[in-house]
Each structure stands twice: as structure tokens, then as C-alpha cells.
Amino acid sequence: MSESIRVAVLGASGRMGTTTVRAVQEADGLELVAALDAGDDLRAVTDAGAQVAVDFTVPSVTEQNVHVLVDAGVHAVVGTTGWDDGSLGRVHDHLLRAPGVGVVVAPNFALGAVLAMSFARQAARWFESAEVVELHHPDKVDAPSGTARHTAQGIAAARAAAGLGSVPDATTQALDGARGADVDGVRVHAVRLRGLVAHEEILLGNTGEMLTIRHDSFDRVSFMPGVLLAVRRVVDRPGLTVGLEHLLGLPA
Amino acid sequence: MSESIRVAVLGASGRMGTTTVRAVQEADGLELVAALDAGDDLRAVTDAGAQVAVDFTVPSVTEQNVHVLVDAGVHAVVGTTGWDDGSLGRVHDHLLRAPGVGVVVAPNFALGAVLAMSFARQAARWFESAEVVELHHPDKVDAPSGTARHTAQGIAAARAAAGLGSVPDATTQALDGARGADVDGVRVHAVRLRGLVAHEEILLGNTGEMLTIRHDSFDRVSFMPGVLLAVRRVVDRPGLTVGLEHLLGLPA
Amino acid sequence: MSESIRVAVLGASGRMGTTTVRAVQEADGLELVAALDAGDDLRAVTDAGAQVAVDFTVPSVTEQNVHVLVDAGVHAVVGTTGWDDGSLGRVHDHLLRAPGVGVVVAPNFALGAVLAMSFARQAARWFESAEVVELHHPDKVDAPSGTARHTAQGIAAARAAAGLGSVPDATTQALDGARGADVDGVRVHAVRLRGLVAHEEILLGNTGEMLTIRHDSFDRVSFMPGVLLAVRRVVDRPGLTVGLEHLLGLPA
Amino acid sequence: MSESIRVAVLGASGRMGTTTVRAVQEADGLELVAALDAGDDLRAVTDAGAQVAVDFTVPSVTEQNVHVLVDAGVHAVVGTTGWDDGSLGRVHDHLLRAPGVGVVVAPNFALGAVLAMSFARQAARWFESAEVVELHHPDKVDAPSGTARHTAQGIAAARAAAGLGSVPDATTQALDGARGADVDGVRVHAVRLRGLVAHEEILLGNTGEMLTIRHDSFDRVSFMPGVLLAVRRVVDRPGLTVGLEHLLGLPA
């Protein structure tokens, strides 16, 4: 039997961090060796002999955390938001000088959401029309969601790569906002409804047929299978990986 | 056995008129006695002894048709669009001087759509949140659909009558159009997708639960049961009736 | 301002009881005056001056509880399962001798589920086809759910009352179970899926159109608005009321 | 510019054949050179110089047609049902002796249905639960549909390959048929509803999340993009190809 992977959690008292701590403790083959909060010294990670650190901290410190972890030879799984191309580029370059160390940055750890986005990209080139509807609780401040925006961009890129033109739309008289937001030519609609958590529906249409891909996230525990998968895979995956889809064996 | 009801169809060569002619011919208890096109003299209706005339003509002539029919003592079922409060008021007043004659004006003859709207109004007061999504083929020029707009207005009226405040929505950062059109405080989203015909989804949410009412119209034959119902009922329903819901025994 | 209604909760440490205790404590116009567990003496209800008692106990004691409450002049709201026609008949008779006292027995306090069932009954007579799909978590032991069975019975009764025949079904070759369970001639399908809670979908079809009514229950807090509504209404509703729909002003 | 591909249609007066004839006539880059009915001599295909023949005939003649076409060096696209492993094996062996000739046999030409099945197989290993619901018009004689059965088999195979055990299901008391048909351990439910055509919904669940993949086929014209794609690709794809998914660049 293989030994357990030793795991540290950064941001351990936040909502995602707390859930991750519990998930690591209950997972086969993983051992929680450190749980750090804001202000704790990152040396506790190496002192505890952690092989992988999961970062659910805040945008202002996450990149710096990762550089420290890479220098210490600790693999990192990052779920904190706020990573841009600049941050990713710096980590990528850093990893070139740290052979064997892996970093996985994932904007979304819900397997179902990642699969839905991949399927949307795979299907997009075969359909004349495509739109995205996302539905969330009414306390959400941004619209549309980052996931929906990302999905629409993926659809638009797949259509462009296949040489498809713009989606058909004969609308000439519309109430302001009725046709949703335009994300790279793909319409995205944001519904806000008490009782919901996080949901996304991708609609693809051809003459005579429709394909619908829908993901419902009812609870943040739905992120844990993705987090645990990343922890298990990152130890054998040197360099920078952006997006959980690369760990699922899905078409790029 | 009761005798058949004698029916005339006005606008008989249009899309709805053609479908209505066939439906009347195939219906038990109805007899098609006249089918008129644009330019035909309305006296053909009375010459043929029609008891009910179904009007699927055009906005510019439909009100005048109805006044002529009422004067002739012929009941009318009207599916032509373009009726406003002024037109309805004049027909209402006219009918006060034509006791026994009935006119049914219905903006939508799809039983399912009418039921969906009624259910939305019945349910609205019990939910904190409500939104409407309509989906149509991409050749439609207006957004949102009249049915969706009407549904949202019904929801808004029911909420107001029950003393509900505005729906919760914490959105502060939105792409233009993401949150849909605002119809009396109810958000309405219009999807346009090749392959679809006419579809409406009403979403109602409370903490911990969601109620969804969806109507799918795949073909205009779906309007025929409503048209035939109106023809059968109008002969015993003097005065002006606006909306098929009143013939379905639904709460007002 | 009117005084608060004084409320006792029976079965206060069970899952529904705990949720009810909290809901009563947080509700405007209600005051929690007693919370009883199994074995506690029901006299605590009257000692505390409760006007209404909510019973979420167990089938073996719930009817006896209600008789004691009625004798004491305390209104009762009952969510415990296991009530049959015999139990209901005895309470009904008892209430004839206790003028002014009200008892509400509801198999389902989710407003959305009750509305969905009512809408199914209202719509059923207008559609040629009707089926029910219910979806629950995979730890549920019975299939289909009581709600789905009740919904199908309501649809069947409405069809019969309107003189509709059996639903069309040309199936001659079927894998065992493929066409679902037959409940009074209406097919009911039970899906069991990890991640779900309690969901019901009613499908009604005519040539060219479909009407879908769906209720999603994500959390048992969704029952609380119905429980609180019953508590507020039972004080002015003497006699026996079976089913929340009668408190919602819906067609019987 | 490349020359048009010369196409023959066998079974040209059947429902699918008629639709195919029209689609080929309207397609860019294809030329209809022969349309054969039952009883017509297949030599008309070669006489007309057809490069590809589309077979929408009947199970009793389709395999023999294909052998004749292969002998004549004509590529074949086959949508006729009734192909079993024996038929496929014989055509496979025949093609080994006919280098350069291609045959595509597809049980389903609806791109959306093929994509849905592929996505179900890709996703299945990541979910604890999986079920299939198919919905069709009530004149269908078999239940569940071949597509739903095939989808369930694909899900079961993907689960087995990933080492997943059986789906969770605590049902102990069920009405007969409530839990659907068992296809390799995956439950399949068949709904029959007037107004529907052919629809399939694949439901995948994990703790806290659900992924739904749905395909709606409203009209048999939805098969035409798949048929035309096969016609265009078969000329460069020698040997036997079973299933449209191989022409879509999807994971096997």
C-alpha cells in the first residue's frame, strides 16, 4: 500500500478552507498535517513535512504563497480567485527553475461545471445557435458569473476555430436587456432567485434539435472531489496546470 | 343529439386561418360554412348562416369585422393581434346593445400557455423571487415575447396585491443586459435559438425551494384546442370575454 | 398591533421539530412558549398557555396528541405522517364537539409542492397525456414518493371528472419497468440520484405543446413558510382542514 | 474549387429517404445523381456514377445493398436499423478486400444525440449516480428507445472501466416499475407524451451537484447535418466506421 500524501491547507478557517480541511481528513490516502490561517507563518507547511498545500486564501496573498511553496519544493493546488495572466506567467517561469514541482490553479473545482464547460466547447462547432443561462442566489453581486462568462468565451472560440459565423438573431425591437449580455458574440443571461445556489445551462440549437448541458451546484461540498483529485494528481504533474479539465482527460 | 355549430373563418388563407379551417372541419359538433379571405364581403358569413365567426385577419380590419358580426348577431372568436383598450372598450359597449351576442378576444389560444400564465399569477404571492425566461426561434423580431411580458405583468400585479416588495437582487457589477429586461420589476430573459418554436419558463424561488412552470409550443396546431373551445363556449357566453383563461374555469 | 400567537412544538428535538422551533422563534407575530419531546407531558402545552401546537412527532402518537389538544381547546397543526381516513374521521367527529377549535393536517408543507399538485389537477383535464417524474436522494426507501403518488391520483381524478379516457400509449415491447409505475392509470417514474433532495416534475402533453410543472425542494427549511402559514390561519379556521392547499386560496 | 461528390439515395421514397433527397439537393458540394426505391436495380447507382450511396431502406435488404455497393467501389452511408454484430462483421471483412472503400453505419444521425451519448460516457466515471430518462410520442411501440438503451450501456461500460461499483439505491418498497428498467445496472425511464418527438435526458449526480445532458429532437430534419457530414467524410475514410461519433472527433 502506498503511503498517504501529506497535505497542508492555507486559509483553513475560511468557508472553502474549512470544507477542505474536513474533506482531507476524511479522504483515503491523504493526511492533514497543517492548517494555516491568515497571519500564520508559511514555514509551518514545511515544518509539518507537507508534500502538497491547498491554497484557499485571498487574492492579495495567493501568488506570493505559491512562490514560497515552490521554493520549498511543495506542490500547490490553488482555488483562490484573482489569478490573471501576469500571475500565471510568473508562476510558470518560476516552475521552470523548480523541476519536479507542480502547481494546479483552477478557477472551478466542481467536476460537473468543468465537464459542462468542456462539453460546451466540444459541441459548439456543430450548432448554429448557442446561448448560456446562469442562475444563482440573489446575494451574488456580479452578473453574469465568471463560469458563465468563461463558458461563453469557450463556445465563441470553438465557433471561430470551426469557421462559424455569428449566431442568427433577427431581433429588431427589444426591451433593454432582454437579449442578455454579449460575451464574444454569445448571449449570456443571469437569473437571480432565492433558493438557488449556482447553476448553469448551455443551450445549443440546430434546425429540428436542441442540446442542453446543465450543471447544478447545490452545496460547496461539490467542490471537494475536484480538490482531492488535484491533490492526488499534482504530485506527479510538474509545471503549471491551469484548469481542472486537464486532470480529467478531457479534450483541451 | 345537439345540432352542429355553424362556423365561418375570416382570414382563411393565412397561416392560422388555414389551420383553423382544417381543425373546424375535423371537429365533432362543428360545421364549416364559410371561409373568407381578405377582400371578401362579410355578408357571406350571414348568408351561410354562420353562428360563430373566427377572426384571424389583420390588426387593421379585425375590430371593424367584429362590429359587423355583432350587428349581424354572429358570435365572434378573435385571435388577431393588435387589440388595445380602446378597441376592447368599443366592442364592450357595442355588446351592451346586442344582448345574447358573445365575443371572445384571446391574445393566446395555446391552452398550456394560458394555464402557465394563470399558474404564475396564482403562485406569485407565495414566493420571494420570480423571473421569466422565454425561448424562441431566431427569426423573431421582438424580445421579449408578448406572452412573457404579459406573464411578468401578471406576476408583478399578484405580488403587489399581496403586499410583497421588490424581488431581492444584490447585483452591483453587471455586464450590460446580463440581468434581462425589467417588466414591472420582474426580470425577463429572451433566448433565441435555431430549432425552437415558442417556449416560456417561469421561475419562482423561496429559501430551500423552487417552482418552475414551463410551456413548450412546438407547432401552431397547439392553438386549435383553444380555438375550438372558444367557438363552443362563445355561443353561451354573451358580452365581451378577454382571455382564454375565463373559459377554462381558472381563478381570475 | 395584535398580540403574538403563543405556539408549542411537539417532537421538538426531531429534524422537522428543531427546524420548526427555530422558525417560530424567528417569526414575526409568533411566540414559542413550549417545546416538548417524546415522553414529555402534554399538559406543558396548556400550562404554557399555548394557543397552537405544531405536531411533528411520530405516527404512533400523533392522533392521540391531537385529541388531547382539542379537548384542551388548543388548535393543532400536524405534519406527522401516518394519518389515514380513520384517524382523520375521528378527529373530524371530535371537532364537531369542540366548536372554535381548528386542526390542520398537511402531508406536505412545501408551498411549492402543494401549488404544483394543485396546478396539475387544474391542468389535467386539458391534456391528452400526463406523466409524473419524481427525483430524490438515493437513501430514500420507498418509490415513488407519497407526493408523486398523490399527484398522480389527483391527475387521474381530474381526468375522470372531465370524462377523459386513458392516456395514449402504443407500447408493445418494453423492458420490465421502463414505463414506470401505474398509479390510477398515470405513469410515475422514480429517479434516485446522489446530490438531490426532493423534486417532482409533472408533464402534460397535447399535439404540438407540452406543459411542465416542476418543484425542487433543496432543504427542509422550505417547509417552514407553510408551517408558519398554517399556525397563523388555524386560529381562525375551526374544524378539520386536510391539505395546505385550502389555506392558499387555490381551487379545491 | 473541388468537384461535387456524386450521391445516390436508396429507399428514396421513405420518410428518411425523402428528407435525404431534399437535403442532398440543397447541400453545397453534393450532387444527387440517383434516387432508388424498393425493387429498383442497384446498377442504377453505378450507372449514374455515384461515389457515395446513402441507404435508408429496410433491415431485410440493407446488408445485401452494402455488399453490392462495396463490390462496385461505391462508399456507403447507412442509417437503416437492424444491423447486428454479425452483419457488421461481414461488412468489415468484405472491406478488407476492397481497399479505399468506406462504409459508415450509424444508428443515430442526430449530431446532438451522438454528442449527448459521448458526453455521458466521458462524464460517467466522475459521478456516483447516473440514470437516463427518455421521452417520446405515445405512438412508439418499444420502451426504452434504442438510443437510451445504448446510452445506458455506454455509461455502465465507462463506470466499469473506472472501477466504480453499482449506483447507490436504498429502495426497499417500490410500486412495480417505479424505478424504471435496469440496463446493465443503469436505470432507464421511458415517458410517452402526446406532443413530443424524441428526447433524452442523462442525469449524473454527486454529493452537492448534478450534471444534466439533454437532447431534444423536434423533427427528422435534425438528422440531415449528420447524414451530410457522413457523406462528405466517408470518401476519405476507408474501412468500416460504426457510429457518427468517430466523425466528430470525439473521444472514443
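Chains here go by letter, A, B, C and D, matching the order in which they are written, and residues are numbered from 1 within each.
One rule holds for everything that comes next: a residue touches a chain if its C-beta (ideal position, glycine included) is under 8 Å from a C-beta of that chain, and two chains touch if they have at least 3 such contacts.
In this text, all values refer to a predicted model and were calculated from it rather than measured experimentally.
*Asks:* More contacting C-beta pairs: B-C or A-C?
*Replies:* B-C
*Asks:* With chain centres set to the mean of the C-alpha atoms, which chain is at the far end from chain B?
*Replies:* Centre of mass proxy via C-alpha means gives A as farthest from chain B.
*Asks:* How many Å are there between the centre of chain A and the centre of chain D, using C-alpha atoms for each centre?
*Replies:* 34
*Asks:* Between chain C and chain D, what is the gap in Å from one C-alpha centre to the other?
*Replies:* The computed centroid separation for chain C versus chain D comes out at 45 Å.
*Asks:* Approximately how many whole Å separate the CA-defined centres of chain A and chain C?
*Replies:* Here chain A and chain C have centroids separated by 40 Å.
*Asks:* Could you put a whole-Å number on the gap between the CA centroids of chain B and chain C?
*Replies:* Distance between chain centres: 34 Å.
*Asks:* Would you give the residues of chain A that are in contact with at least 2 other chains, written as numbers and ranges?
*Replies:* Where chain A meets two or more other chains at a single residue, that happens at 127, 195, 204, 206-210, 216, 218, 222.
*Asks:* Contact residues on chain D for chain C in the complex?
*Replies:* Chain D reaches chain C through residues 127-131, 133, 135, 138-144, 149, 167-183, 187-196, 203-210.
*Asks:* For the complex, which residues does chain B have touching chain C?
*Replies:* Residues 110-113, 115-116, 118-119, 122-123, 126-127, 204, 206-223, 225, 248-251 of chain B touch chain C in their complex.
*Asks:* Once bound in the complex, which stretches of chain C touch chain A?
*Replies:* Where chain C meets chain A, its residues are 195, 197, 216, 218, 222.
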